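What follows is chain A paired twice: with chain B in the first complex and chain C in the second.
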Partner chain A sequence: MSHGAHFLYVEDDSLSREVMQILLNEVIDAGSVTILPTSDNFIERVRQLEHLPDFILLDIYVEPVNGYDLLTQIRADSDFAHTKVIAVTASVMSTEVALLKAKGFDGAIAKPLDFATFPSLIHRIEAGEVIWQV
Partner chain B sequence: MTTDQFLLLLPYIFSALVSLSLAGYAWSHRKVAGALAFVWLALGQTINTIAYIFEVLSDDIDAKLFWDDVQWFTFFYIAIVTLIFVYQFVKPPLKHPSRWLAGLLVFPILFLVLLLIDRSLVRTNESLSGGEQFFILNYDFTVLGYIASLYLLAVGILAIVLIIWGISRANILQRRQLITILIGISIPFIGGLLTVANVTLTFQRDISPIMIAIGNLVIAWGLFRYQLFEIAPIARTTIFESITDPVIVVDTVDRLVDLNPAARTLLNQPSGKPLLLGHNLRESFREWDELSLEVPDSGQSFERELSLNRAGIQRTFVLSSSPIPIYKNIIGGRVVWFKDITERKHNEGELRQRTQELDQARQQAEFADEQKTQFLSVMSHELRTPLNAIINFNQFVSSGLFGAVNKKQIEALEKSTTSARQLLELINEMLDLSKIEAGHLELHIEPVIDFRREIEEVIAITHSFMNSKSVNLQEDIAPDLPTFEGDKRRIRQVLLNLLGNAAKYTEVGHIRLRVWYDNATIQFAVSDTGPGIPLDQQALIFEPFHQLNRDSHKSGSTGLGLPISKRLVEAHGGKLWLESSAGEGSTFYFSLPVVNNFL
Partner chain C sequence: MTSQWDEFGQLLDALNADGTERFKAQRRLIEMGEIVVEPLLDVMLSNNYRKTWAIAQVLGEIGDRRCLQGLVLALRSENPLLSSTAAKSLSKFQNQVDILPYLLEVFPSVDVITQQTITLTLQQFRDSRAVKPLMEQLRQAKSPVLRCAIIQTLGILGDSIAAPTIRTFANDPDHHVREWVIEALDQLQSSPTP
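Right after this comes the complex of A and B.
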């Protein structure tokens, strides 16, 4: 269950960060929520966390390293072998979705996030399903 | 020769004259194929008839036998020339016609040589008997004589068979002419047969010379009636004269041979002025250089483009010089044709310009489409981030996360959320339509394994649209739906659009979704008890923006959903249609092939 799971979210838009914070804390009841506004020194900073994340949610257009490259770094690190990496994106062009799939994300969720369906999406991804809710 | 004798011989004299005149006429038209053979044929027949007249007139047996010999000569001659005449008309596909001719000539030559050596080889029991006006030569055929008769018969039959073969292959005009010639040739042939069978005129005279003349008249009638001999040269002249392009014929040393009226104008030779035929063009016409009539090799075909000022107007010509072969490889001169290509050049230029303009317009339109899609795509992306905040904060508040809210506040927040979603839907639909129209719509076809779950989600979302309406949403989904090929996201979009519309327009009653498998397709039907769609609106609702000038403000819809859905289903190789009448509710159907051969 996602109750008590540890989440990490990278997002440059402050309102989006705030929405996610509330969704994860209040609606999903996450074990811990870490939110980074930039992807600076990403791997290093994640290692310093008290709990390694069960879920990493990535905005694609983050600075200085974009979401695709962050995924590559995560996948290259055995510490994150069991971590689900999900793209949270405002880009729903079919070409971009195809790229997300090709890069190996465990799923993608489109903005705007839906208060009603978001918890079940996370739950399904945790259960091993690959979700492309875009 | 007495008057009585003359009167009796008159038909023969007349026959000879007819054949001779026909020979003369054909001689003057001898350039045309077949005519020369006819000349020789008619001449042979004339001699044959004259020989006959002399034979009749002679009163001693040696003279009579001499003229009879001449007739034998001419019979063979006529038979062979008839065959040649017919051959030239019907042109059978013989590889070596001269060998055939040589073969045919073997027997006649042999026969005639034998005849010259010893008359008795051909005839026996020669005697003279007295008639009323003439002495009559009587004799019997030897075996050789009978063979000679059979030979003549065979050649005659061969000629007739050839003509019949020609008739079977000819076109209508040629066929009528050939039939006439067939009749003309058959008449002397029949005459010959009658003579051999001893059928004679009342005064014991041969029937065949008269038959020959009648036959010739029929042949000539056939030739002149259809006038093929005459039409060809006249037609050629007419064509030459009426060509609007100047055409000049010169010989090998550039002396003027012929020119048409257009060429007279070009060479400043008014039509009243006598032609300077035979004059050297190079020396006599100052136009020589201007027209650049000089060619590198008058024995070779040659073309060059030149520009000439005619009556103050600049025109473009192609000067085309072609050699005229007179006999085998001998060149007699050349035809110089000035093809006026001014119009063509002009049209080509116009066409090129039009094509360029169209091409440019198309590129601009494509670029504009591209830009539009790009712009809408950016808009969609940029709108999603603020809408994410609006919708979610609305929902956080209305769900009581931030403290107690009353019913009125919840309703207000729900309206705000719905409006925000509509804004997103609008931009998404415009983006979809733009992509469809620019041909950029990409479907991600893959096996759709568990579509039932997608359907359940769409139904859950539809429920949320219906809010507090007293409408019953029913579902009837076949339990055994097979896996099918399609773009799951797009099919879901179509289903959501149809159910969303039903929810939007139905105030009381029920909405029913049926999904079943039939005939290698997945079938969907969305029925409602809404106001229904009048027949005259049914085609229009699939046209983009049809609602904009009507009640879009009332329905809160762009009217783009249905046109997009229809196109999405069609892009899958499926069909989308509706059954509805005003006041009776609507049912929208769509079907998707299980195996997608379409893409």
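Right after this comes the complex of A and C.
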């Protein structure tokens, strides 16, 4: 159950941030929701949070550090060993999915985010399923 | 009958729960069917985000004509969760009623989140009447995610009349929009002439 889970979303698009905020707060009933519009000083900022995230949702083309490099930072830090890292992407390129898998993401969810399907995707990911819904 | 309404009250409460409990309540309300349509419509128009979202999904599944009216009303809600879910649920009526005019009518006046959902819903209808209104909305779309969704939908709808408008976004500042321009133009090129 994602009830009470802690979420962090890094996203430069304001519409996607707004949708995610509604989904996580109003539908998923997250324990905490932190949304960052940029990725500067990422690890440092995450460490300052009251709760380390259970889920990190990453836009790939966020700036100044892109999602791939953020993933490398996260994977290099043992504090995030149990954190699931999900790519959130609007990419049309099927090659991107292969790259996301190769880089070690725990899954991917397509933008625009879908109010009807997103909650069940999160529940499935939390239950251990690997989702590549791009 | 009393016990049925007791159960109804419990199910409404369960719609506020997370995950499995809410899903079970939704399934039971769908089973109860027409009898719960009116009370669900009353509750849907309240301001409880999660409950309204869950009810709009249930009404779409029940498929009663009264649900249709309620969902059309909900399309104009200022709660984007409700209006977006209403748009999605309305698509389930497409075989009974022509839903497209409702969606196109509200499109310019709803919030951008609902516009995004309506755009994705229009992909399923594959109805060429949506092409010109979508072209118009594309010209006005400030959100790159909405521009992506509209361009993607125009590609799927397959009417080459949209190609010149799509092409004007070839140098869009957002790289995903530029990707979708290429994809949509490819789709239009390979689509049969309408």
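For this structure, a couple of remarks:
We adopt the following convention: the second predicted complex is superposed on the first by the 133 of 134 C-alpha atoms of A that agree within 3 Å, B and C clash if a C-alpha of one lies under 4 Å from a C-alpha of the other, contacts with A are read in each partner's own complex, and residues count from 1 in each chain.
Quick note on the criterion: a contact is a pair of C-beta atoms (placed from the backbone, for glycine too) under 8 Å apart; a residue touches a chain by one contact, two chains touch by 3 or more.
Nothing here was measured: the structure is a model prediction, and the numbers come from that model.
Superposition of the two structures on chain A leads chain B and chain C into a clash.
Legend: residue contacts after superposition of the two complexes on their common chain; A:L52 is shown touching neither chain B nor chain C.
In the superposed model, A:T95 makes contact with chain B only, not with chain C.
When the two complexes are overlaid on their common chain A, residue A:I131 makes contact with neither chain B nor chain C. After overlaying the two complexes on the shared chain, residue contacts for A:I35 are found with neither chain B nor chain C.
Of the two partner chains placed by superposition, chain B and chain C are both touched by A:D13.
By the touch criterion stated above, A:F115 is placed in contact with chain B and with chain C alike. Once chain A of one complex is fitted onto chain A of the other, the partner contacts of A:H123 are limited to chain C, with no touch recorded for chain B.
Taking chain A as the common frame, chain B overlaps chain C at a single listed stretch, which among 547-555, 565-573 or 583-591 is 547-555.
Where the contact sets of chain A with chain B and with chain C meet, they give residues 13, 15-16, 18-19, 22, 26-27, 90-93, 111-112, 114-116. Of all residues in chain C, only 18-20, 49-50, 53, 57, 80-81, 84-85, 88, 112-113, 116-117, 120, 143-146, 148-149, 152, 175-176, 179-180, 182-183 touch chain A in the complex they form. By the touch criterion given at the top, residues 13, 15-16, 18-19, 22-23, 26-27, 90-95, 97-98, 110-117, 132, 134 of chain A touch chain B in their complex. Contact residues of chain B toward chain A in the complex are 377, 380-382, 384-393, 395-396, 399, 401, 420, 424, 428, 442, 444, 457, 464, 489.
Here chain A touches chain C in the complex through residues 1-3, 13-16, 18-19, 22, 26-29, 61, 90-93, 111-112, 114-116, 119, 123, going by the rule given at the top.
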